[in-house]
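Next come two complexes built around subunit A: one with subunit B, the other with subunit C.
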Partner chain A sequence: MAKIIVTAILCVGLYTGLAYCEAFSGLDIMKRNDATQVVNFEQGTISMTLTNSNNRVRHRKVAQKIMHTQKGLRYRFINFLSPGDVKGTKLLSLENKDDDDTQWIFLPAIKRARQISAANNTDSFVGTEMSFEDLRREKLNEHTYTVIGEETIDGQPCYKIEAIPATPERKKISGYSKRILWIRKDNFVGVQSHFFDKKGDLMKVFQASDVRQLPSGHHRAFNFHLKNVKINHTTDLLFSEIVIGQKINKRTFSVRNLK
Partner chain B sequence: MKSLMPWVEKNAKLIIAVFILISGAMATTLPDLRINTSTKSLVEEDAPYTQFYEKAKQIFGNEEIALITYSSDDALSEKSLLEINRLTHELENIKYVDKVRTIINAKDIRFNGTELESSPLYAEIPSDPAILAEKRAQALANPIFRNTFISEDGKTAAMAVYFKHYTTEEDFKKKILETTVEEIETILARSHLNGELHLGGLPIVRRYAASYMLHDVFTYVPCTLALVILVLALNFRNLRGVIFPLMTVFITILWTVGTMILLDVGITIITTVLMPLLVVITASYNIHFMSQYETDLEHHTNLKTPGANREAISSAFQHVYKPFFFIAVTTMAGFLSLGIAKIVPIHDMGVYMALGIAINYIAVNTFLPACLFLLSSPRPVVAKANKRQILDRLVHIFSGMVHRRPYTILVVTVLFSIGILLGFRELKVEMDNMSYFRKNDPVRLANEWICKEFSGINQMSVVIESDRENYFKHPDMLKKMIALQHYIESLPEVDSTLSIADFITRMNQAINDGDPNQAVIPEDLNTVSQYLLFYENSGNPDNFKQLVDYDFKNAVVLFRSNSWSMRVWREIARQIEIRANEIFPEDVHATVSGSLIITATAFDQIVTTQINSLLLAFATITTIMFILFRNIRLTLLSVVPNILPILLNFGFMGWLGIRLDLATSIIACVALGIGVDDTIHFTCRFLDERKRHASNKEVIHQTLLHTGKPMMRTTIAIVVGFQVFLISHFSAIFNFGLLTSWIMIICLLADLLLYPVLLTKLLPRAATTTPSDVVIPHPLQRTIAIENNEASASEPRVSSISK
Partner chain C sequence: MLNNQNRFFILWAMGCLILSMSIISLPASLHAEPAETVEDELTEEGGQCPLATGLEEMGISYRGFIEGQGDYFLFDAQAKTQDAYLAKDDVDYSGRLRLRVDYAPSDESTFVFSTDSKYWDRSVTHDFYEIYWDHTFNYMDLRLGRQIVTWGRCDEIIPLDVVNPQDLRRFFLPLREERKLPVWMAHSNLYLGDAVTFSALWVPFFEANKIADHDPRWDIRPAQPDSITIQGVTIPLEGGVNTSIKEPDDDSDDSLRNGQFGFKLTTQTDKSIFDLVYYYGWDQMGSLDKRISFSQNGVVLNIRKKHFRDSMAGVSFSTLLGDFVLRGEAAYHWEKYFDIIDIDDEDALAPKDFLDSCLGLEYRRGDQWYINFLVQYKKIMDFDSTLVQRKSETILFGIIDKFWARKTFQIRLLYYYNLDDGDSRFNPQLSYELADGLRATLGAEIITGEADTDWGQFEDNDLIYLKFKYSF
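Presenting the complex of A and B:
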């Protein structure tokens, strides 16, 4: 009888273990990470500090509003608050399901909104280390994700995941041959990433800190630090006034609203 | 000094061991021999232009790019574009290649009828002929692309290869010049494209210059050594006569080059001649000692007598150390005068040649006798008399001419000199990196082809500095930049210009629905700022790094020229700086910068260096002559056979169209340092013979008989030695070899024909009979006199080959 009980416990334990492992595959972790990002409405302000290799800096402040449609498509509206010479410049980016994003820019100096052609994945977003590929939703079905270890970042246990473009199209358009991502175990927030260029050389390092839980229950990092190790250019993003769930008027994401 | 030989004899083994030990240590440094092709290496590191260039490079990045041109009937056809694209991807996969900019991937800003496009014109290569034609028209109409990525006729496209950041010059050399350029060439060689490819640019020129310099050094040295071995073997016909002088030459080379390596002094195009030059000059000093040694040995009636060898060595030393001292000092003075040059390769050449000669002086007086002390006495081989018949005849001819036709010699010299000196008017000062290569050299041909068929390869920048942030966002400043660009483009040697103003103009046109009338600078600062923000939104953080600094305080106008002439570059730079400072307000300062501008600053110093170093060499050598002869008139006369050949050399260069450049500017001092030796020998003998003979005819005849032949032999040896430079990859070094050979022959003729006439006609006997002459003959005169007696007694012999 005792043997049966022991065997049963072992079997249940093994099954549970296998189930656990299966539940936290690389893809699963990334799905959970994606889920933390996809909220219906999110807004906040971002102070940007860009520093070049000669330690010269540029400061910018923007207000950002994000909406995810029912189909899960991300719409982003950005309004420049400072410096004065670009104040009022607005960017609107609308994700399309099977096509490139639609983007518009409004330049207050000439009081005109212009549709701009789809940016390359590798292009920089307003002079920061972030590329358009980084800003878009993670294409979970176009990458393979492998858990390659577990590490502690800032005292928090993290999954270490290797993300590699899997489809020919993704391989072609992605600016990266590989990414190593550190995802916190407790809240699935990404806190560190290493980006490798097409030659396999380390290209960018991303670090997030000051992760807080918002009243909505979502977790967000309030400090981003990105460094392009190739050109020694860094971007520091300081988030404030992040609000999740507060409804944003749909007209915010229309071209008419830009003017 | 008399006690030196007993000391050398006593410590012979120790001396040999020390020399071999130090030489061995120096030999271990040889793998670190560094070839320096950097344009910066021409001038001192703290020179203002170098510092400015380094500062500008830090802000705006490195401008040393390689350029590959692809030519076909239509470089913008689908087939050509696909080939360029494939090649671009292959090149971008090279480890140290940062990026390759082409007509396909260079970003363009345009309005396509519905939206603003800020992306490469050929993001997708179309196959539809109509689209291809449309894009072709756009490409050729784009001023940012034209002559930068595509030629005006659309037949040649360019691929600009940018290299990854490097921290040091050595880093650049190893990673880029030695590795990456080779990989680029391999890819081009196996590309099998439909179009024709050419590879050019400063990194390519530097890579091949380094390779040629290394090849030249490793060709010159064995060739000159083979020559020295041949001369030694023919002269002495025994093993010791070859081995020991050769070892001394080796020691000199090892110590000199080893010191250069230890002090991190790289070999430049000028100092490639250092080693063979040292071999030729120091070999002649060694021959001098060995000849004297064998002469003295021969005078021993019984060579088997114990101590015969020792006495011969001591006697040889007593004979040669003083004349050799003066000869070494005057030659060093000639070279050291180059040490005042601010052009680093010339300075290095002068300093390390002088060091080599000093090392050789020490080695010949210690190591060489130490080796001889360890040997038993051999029987020297006596050369056959008929070996000298030609030189004997020449001496008699010269002697007869000096005696019978002194005025004819003077008149011919004057007429000949006037004729040659007229060429002085044609002499041009020039520095041209490309003309260093021979005319049929593939590197030169490729670069010339690109410059002729496409656009200039050489890029310089006008750095415009202000003290205010965002200054170069102001429309007024941008308009002034365009005005400056118009001026620069009006210069015949300039092919194209580029500045941040071009991009602002292009954006203004694009944002105004592509209206060509809007290809202007907008009137408002905010508009410019917002355009730049828009542009940043689709590029890289360092998009405009080459054109403007991060806070828009300083900006750059890039321009490309098809000229390699530093004279042209210097003049262009001067004109542009004047015009730029007229265009911009007083608080803005414009400076032309670029690696080639540093070379151009060296160009400014060629003439100054030439004059200063020559004056210094003359002053030093004349002072030494005065100390030696203690007679002002004689000293002044002795200057004539040395100054005349140098002046004639400049005239000769003018007639032949050989320009005064880095290599040819050192000829005068080199020739002066070497050539003055003949004058010293001749004068000493002349003074000695004058005391013995009453007739001028006999004085001249005896002087020529005893010094003329060795002078001819040494000159022949040096001239033959200089012929190794004729096999150089560089035409500049070829010219150096040719001209130095010519000047040495003229020096010889001046010493053997003109100088005796001047001495007999302008130096009265009374002037040379000084109290010191009578009571205590000058050591050198006495030495030469002893040598003279012995040489006479042993005639015919080869021992006097080296004066």
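Presenting the complex of A and C:
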């Protein structure tokens, strides 16, 4: 009898151990999530609706082109399509490996491109609730990722991950003390995030929906909703067009294209 | 009867048409590298105006603005010259409509056509603004037509920005980008690798700055004297003063022999950019040629605006310093003409080399702050005491912009102060975005200084203004 019980316990332990080995770590999940974002070429048109606490609505529309270099650096070119007072403005952001991004802006009023200081991580991106930190590629080696559970979001099972800045430099420059990320199990697309400020208070809530698989095999969410719960501002992004894989001329990501 | 400018326009239009047809048939190696295409992964499009969608598909886009402004002057106008308006309202209205259409038949080629209509000084004018064809080759860009080019790296005070003339009919009140006037030009950039660019331009016709004519508010002509000094002897101008500002000088009339050209070499790194510039053109502001003659009534002073050739070499740079951007430039002019105190039998002008330089620091914090501070230093080389102007001048200039609520509200403080002459200009303004693209601005211009200084001559022009601008 004792032998049976011990054997049963060992089997349960073995099964549990095997099951544990098959589960992803937080870092594994984030690596897979990062892999979904890093593509050679990506371009799309984004309509933004900005709503403040008084329900005043503003609209923006931009066309965006992204390229990842062979070294994995992200180059981004943004052309502002509306409203009229920013139409024709172009922003070029070139990621550097160990330094601030190189940024240039073309203002149609002054008809020349100007080098500008790289935006701080906490600066708002064109008046939205997205910060430049939210747009930059996740620095996996500067955070600690811990799987803290699983939840279902919009009918899709998701990993729930806690992300905390791990290096002194990251703690200093990041606008967040902690983030909770919900990553879908089937395609590793991030569908929800909670952002906590330096004091540990909930600051922003991000939700992505309408996830589709593109012909390239990549998955993209076509709807973003971001809410700053402290000041009750929201930003809604609607991607009307996403193209992945279509080669973009490298010249697009040069100052030469800012005209 | 077609004048030279109209002939040039027709030739340019025909040339662009022939050139674009030729380029289409050129070997593929000369074109910019085509993007590889795979099946487009177009998804559902959001709701858009069908016309807008149709225009975009045809490669046509447009933008522009319409604005109206009312100025209320706090003091009466003082006429400086006899032929100026003597009756001038305390309220001025002005308006502007700019429309620009871009047609891009391909990723490499763009045609731009824009017009500029102004309501100014109780009259309406319609002008072509920018009209050009822009083409991108593998290693070169070419832009032909009526356009604006800005050299130099600083803001507002830009010593190297000498290519385009300016509309100074409200002196330097409007910002530089609002004052600049497009000119016919051939402009190309040659890319020698990722870090080096060589630029060249040719401006076939000369166009001078526009200045206020007969408007007592902004007339920059000197007040008409009642006497002159010749070799230390003061002589009354009993014959009067003849002032001719409007007529172009024979040496800078509308002909191709008065063309201008320039070159620029630019090198850049991730954090810095340097330029070397040479420009051979005209002094667009002009100098006042003064000569005396005699009439039945006595000595007559004849003042005539004259333009001289301007040969300039310069350097500029821009470099990132953390959250700041440091910018600077210097322009050295050979034989710029300055006024001399005593009028002898020559034209009362003396050629001197001239240095114009500035250094500026910019700070930008997201959508909330923009601060720009500049120091300008100007110096007449080989100065002597016969000149009317100062040997050197130091000018402080600053702009502070603060934004709130996603740039719905903006406060701007603009300040100019001449450390040597003591004249100044202070321009505070508050603007509010009423709706997407529609902005209202309330501001004031407060000008101080002695009457013989650049800004002080307009000390009586303190005003408050209200402006509405809709951009589309």
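FYI, the second predicted complex is superposed on the first by the 236 of 259 C-alpha atoms of A that agree within 3 Å, B and C clash if a C-alpha of one lies under 4 Å from a C-alpha of the other, contacts with A are read in each partner's own complex, and residues count from 1 in each chain.
Criterion: a residue touches a chain if its C-beta (ideal position, glycine included) is under 8 Å from a C-beta of that chain, and two chains touch if they have at least 3 such contacts.
These numbers come from a predicted model, not from an experiment.
*Asks:* So, does A:R58 touch the first partner subunit B, the second partner subunit C, both, or neither?
*Replies:* In the superposition, A:R58 contacts both subunit B and subunit C.
*Asks:* Which holds for A:F80: it touches subunit B only (first), subunit C only (second), both, or neither?
*Replies:* Only subunit B; A:F80 stays clear of subunit C.
*Asks:* Classify the contacts of A:T89 with the two partner chains as first (subunit B alone), second (subunit C alone), both, or neither.
*Replies:* After superposition on chain A, A:T89 lies in contact with subunit B alone.
*Asks:* Does subunit B (first) or subunit C (second) touch A:N228, or do both, or does neither?
*Replies:* The answer is first: A:N228 touches subunit B but not subunit C.
*Asks:* Quick one: classify A:D98 as touching subunit B (first), subunit C (second), both or neither.
*Replies:* Neither: A:D98 stays clear of subunit B and subunit C.
*Asks:* When the two structures are laid over each other on chain A, which of subunit B and subunit C touches more residues of subunit A?
*Replies:* Of subunit B and subunit C, the partner in contact with more residues of subunit A is C.
*Asks:* Of the two partner chains, subunit B (first) and subunit C (second), which one does A:Q246 touch, if any: first, second, both, or neither?
*Replies:* second
*Asks:* Can A:S216 be said to touch subunit B (first), subunit C (second), both, or neither?
*Replies:* A:S216 sits against subunit C, while subunit B stays out of touch.
*Asks:* Applying the document's definition of touch, where does A:V255 land relative to subunit B and subunit C: first, second, both, or neither?
*Replies:* Second partner only, subunit C.
*Asks:* Going by the contact definition given at the top, which residues of subunit A touch subunit B in one complex and subunit C in the other?
*Replies:* 50, 52, 56, 58, 83, 85, 108-110, 112, 114-117, 119-120, 123-124, 126-127
*Asks:* What residues on subunit A touch subunit B, complex-wise?
*Replies:* 50, 52, 54, 56-58, 80, 83, 85-86, 89, 91, 105, 107-110, 112, 114-117, 119-120, 123-129, 199, 228, 230-231, 233, 235
*Asks:* If you look only at subunit B, which of its residues touch subunit A in the complex?
*Replies:* For this pair, the touching residues of subunit B are 58-59, 93, 95, 98, 112, 114-119, 123, 164-165, 470, 473, 511, 522, 524-527, 529-531, 533-534, 536-543, 549-551.
*Asks:* For subunit A, which residues are in contact with subunit C within the complex?
*Replies:* By the definition above, subunit A touches subunit C via 47, 50, 52, 56, 58-59, 82-85, 87-88, 94, 96, 99-100, 102, 108-112, 114-120, 122-124, 126-127, 212, 214-216, 222, 238-249, 251, 254-256, 259.
*Asks:* Contact residues on subunit C for subunit A in the complex?
*Replies:* 32-33, 35-46, 63-65, 107, 134, 136, 141, 148-150, 176-177, 189, 191, 194, 197, 268, 270-271, 273, 318, 320, 322-325, 362-367, 405-408, 436-437, 439, 469-472
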